[in-house]
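What follows is a set of structures for review.
Look at the two complexes coming up: chain A is in both, with chain B in one and chain C in the other.
The block that comes next holds the complex of A and B.
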């Protein structure tokens, strides 16, 4: 990313302070978002995401084996998939945030701009979150197709948006932390995807397996699994929004802890490291 | 003749030959409710069975097991799909009864029989015990198509097409800019 602000030799310390305090993160967020969407990178991810959702929605509405599902379960299936994959692409974009700049040799030019490193991180997180918001926007017509006849469209969309945003903030922050710690962009992305696979694993366990106290602990300690379980409990089991709220503690804690770690370690994460291609 | 039998039995006792073990009869009665269930494909329903120890001795460990069978046509039934929790272990004192609930989802359309069978449980089972079975519950599952391909097709095709076009346009512009 090349941030379009005045070069440091022509700005006064007062100017720097203004950019830093008031609009530094906005500038970074704008520039990063523009890079993501005008380079085509975001649209390609969105295209693949829409193909996946189309496939699942079509199967849900036509396949005889799946059609026995209650319509609420079909909505739940598509919404969970949208949240899971939407969070995955957000994580992938954020995992590229710092290590990608290092590898492309653009971090150096970013560091000489009068923008604080915390602002850089905040801007990059917001840009990564636009990926989540875009995937959620794409999800709306699919959920509409499935949920319009059962009167849960508004509930499903509000639930998916709130829970998904919470998980996306948490895992987007984790992705940036990993990106800041890794010298190689490949390592950062692979580590982030591997982390997400680990988090998804408990959601894929067959329902026939014995699910005792240990499984409950595993479920509640996992931000992705517990967020998806919360969606199911409201959408399929008809629980009120406050009944299983405890399931959202881990996603909330993940967002707070990972976000806090980004704020605290921000100055040390955004740095040039020796041995990395400087372009 | 009686004297002969007595001598043989006495000889058996004195020589320590073990007599063949006789299985304790499982004097359990099982009632089921409701007798008929009508639902649609994918519908959830619950049946309740009441297991009662009608004997004078404790039942020991027993296992109530739910089964589902098709009683019309040639529909393949996998009971695992109908209910993920099909066994419940219990023990009853004389005269005691216990209500057991079974949550079921109808995953095939057609006419089915659901029933619960009670079997003795544990490694003391000999293999010749009688079983107790509940009355049959008739499950009538109507076909239902909740969604149609026609309703989903416009969205399923239009969304990727529009995004694909947008992505292609952007990529062409980027290439032109670079060239």
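The block that comes next holds the complex of A and C.
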């Protein structure tokens, strides 16, 4: 075994043939995505989701066959489940992004490379979003089974993809913010799941939220509930895409505010000590 | 480029009221191995994190490879770092891991592959390049970490406890790699470790920290000298020449000479007043005494220097700082 550590036999990094101008965030996103899927974490979450989705699709199909559930409602239910679970797994993965690397001792090696903190965050957010895209990909055949006979397949898929992506970007960013601020990875993940449950709970009330000014505000202030309400209004109530567009203001604002906070505080969030002031 | 690659001037880091590092100043040049020593919590890791821009100093300045502390991106391009207790992604192979880091430094895919292969070979991991890191032993992971710290051909390499938890063979391998980095790459190595005998062997300069402050710095000889370690020696001569040897040594007023009761042919030589400032003061005196004995035609059966090791100096200066 040779232990003579001579410099590698390559030209200087300034050489065009040697230097790759690929952005740091692309490299981080590639690596994080590979880690997420090759480690089995992503596949396990996806497998659990597909079991859940299969069960729900079977039940809604049965109910629909017995005329207990209108077909459009079946599609809506499956799509809502996909958005909710897709966002949940995106949130869980992003909540592990910074605090998890701190605990595993892998963050410092990344911090001493020339890649900016913002690029690290962007790469991690994109990798987390692949969970949502994979979740949605799994949902497509289920939606096809339920929606093909009522002619809303294209609409349902486009709607689910666009709204789900918007919510996933917003809550994925929130997950990374929580991860940067939390002392431990466990705290970060639990806090993120708790946040999603709080946001998701109103949509699971048997008769939905009560009607009225206060509850309307509550619905519209909740990015998950309002996004799901928007999907329902288009798919079940047959509204046009622009009619209840106001319901997407909160998901959009969440994405803009949380994403903006990541951009602004990124340099102070991605570090060895949690919080934005320490270190 | 100037040969000075590390220059820290009154570097200070506070966490609220607590001071982690206070007025730390030192310099290092190309090809030099600097030992950053100190008890646990002395501020070694914080100093390395400040110099590698992972932490921001509360006050003070530093430059790395000629780049001021404000040019953090340039500094990161110029340094290689093995952090203390560095973690590794279990699901990557050693080759993938190095290629990823090489690409973060802007190397193209092909060059990153070449660099990774060469570095893995250099640290003796070429036959495990495509094995998962989770299957590596601790020593292999440390060597992989050192290889990673070299992917950008750095001017300065910071190694924080690279031998922590390794068996003696693993420690020797890592120290051999460190020597190679300084010698073959002409890089500066800043080495934080607790292995004082090894530091004595490989380091050209030593900085001892305690409670965040530099207690003493300089060459190993200078540090020992500054610590005012009392150096002594044992001299064994034929029993019938003991008296003559004592007479010769009487010509050295700074030496106290005693005869061992249990071994009457052995004389102990001790410096009365250790000399500060001149790194080789005590050694010079002992050498002169030995030369005088041989010049007088007295056969020397044994001569052993005692009490002037870096570990002695380390314990003395750090315990004095506590007191």
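Just so it is clear, the second predicted complex is superposed on the first by the 242 of 279 C-alpha atoms of A that agree within 3 Å, B and C clash if a C-alpha of one lies under 4 Å from a C-alpha of the other, contacts with A are read in each partner's own complex, and residues count from 1 in each chain.
Please note the rule applied: a residue touches a chain if its C-beta (ideal position, glycine included) is under 8 Å from a C-beta of that chain, and two chains touch if they have at least 3 such contacts.
Source: prediction; values computed, not measured.
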* Which of chain B and chain C A:213 touches, first, second, both or neither -> neither
* Asked: Which partner does A:51 contact after superposing on A: first (chain B), second (chain C), both, neither?
  -> first
* Asked: Who does A:71 touch here: chain B (first), chain C (second), both, or neither?
  -> first
* Counting only touches as set out at the top, which of chain B and chain C does A:144 meet: first, second, both, neither? -> first
* In the superposed arrangement, does A:62 touch chain B (first), chain C (second), both or neither? -> first
* Partner contacting more residues of chain A (chain B vs chain C) -> C
* In the superposed arrangement, which partner chain does A:154 touch: chain B (first), chain C (second), both, or neither? -> neither
* Asked: Which holds for A:38: it touches chain B only (first), chain C only (second), both, or neither?
  -> both
* Asked: Once the two structures are fitted together, what part of chain A is touched by chain B and by chain C alike?
  -> 38-40
* Provide the residue numbers of chain B that touch chain A in the complex, in ascending order. => 41-44, 80, 84, 106-108, 144-149, 151-153, 155-160, 163-164, 166-167, 170-171, 174
* Which residues of chain A touch chain B in their complex? -> 37-40, 43-44, 46-47, 50-51, 53-54, 57-58, 60-62, 67-71, 73-74, 138, 141-142, 144-146, 207-208
* Report the residues of chain A in contact with chain C in the complex, numbered from low to high. => 1-10, 13, 17-22, 24, 27-28, 31, 35, 38-40, 104-106, 108-116, 271-272, 278-279
* Asked: How about chain C: which of its residues touch chain A in the complex?
  -> 15, 49, 52-56, 73, 76-77, 79, 81, 83, 85-92, 100-101, 103-109, 111-112, 114-115, 118-119, 121-124, 145-146, 148, 150, 152-153, 173, 176-177, 180-181, 184-185
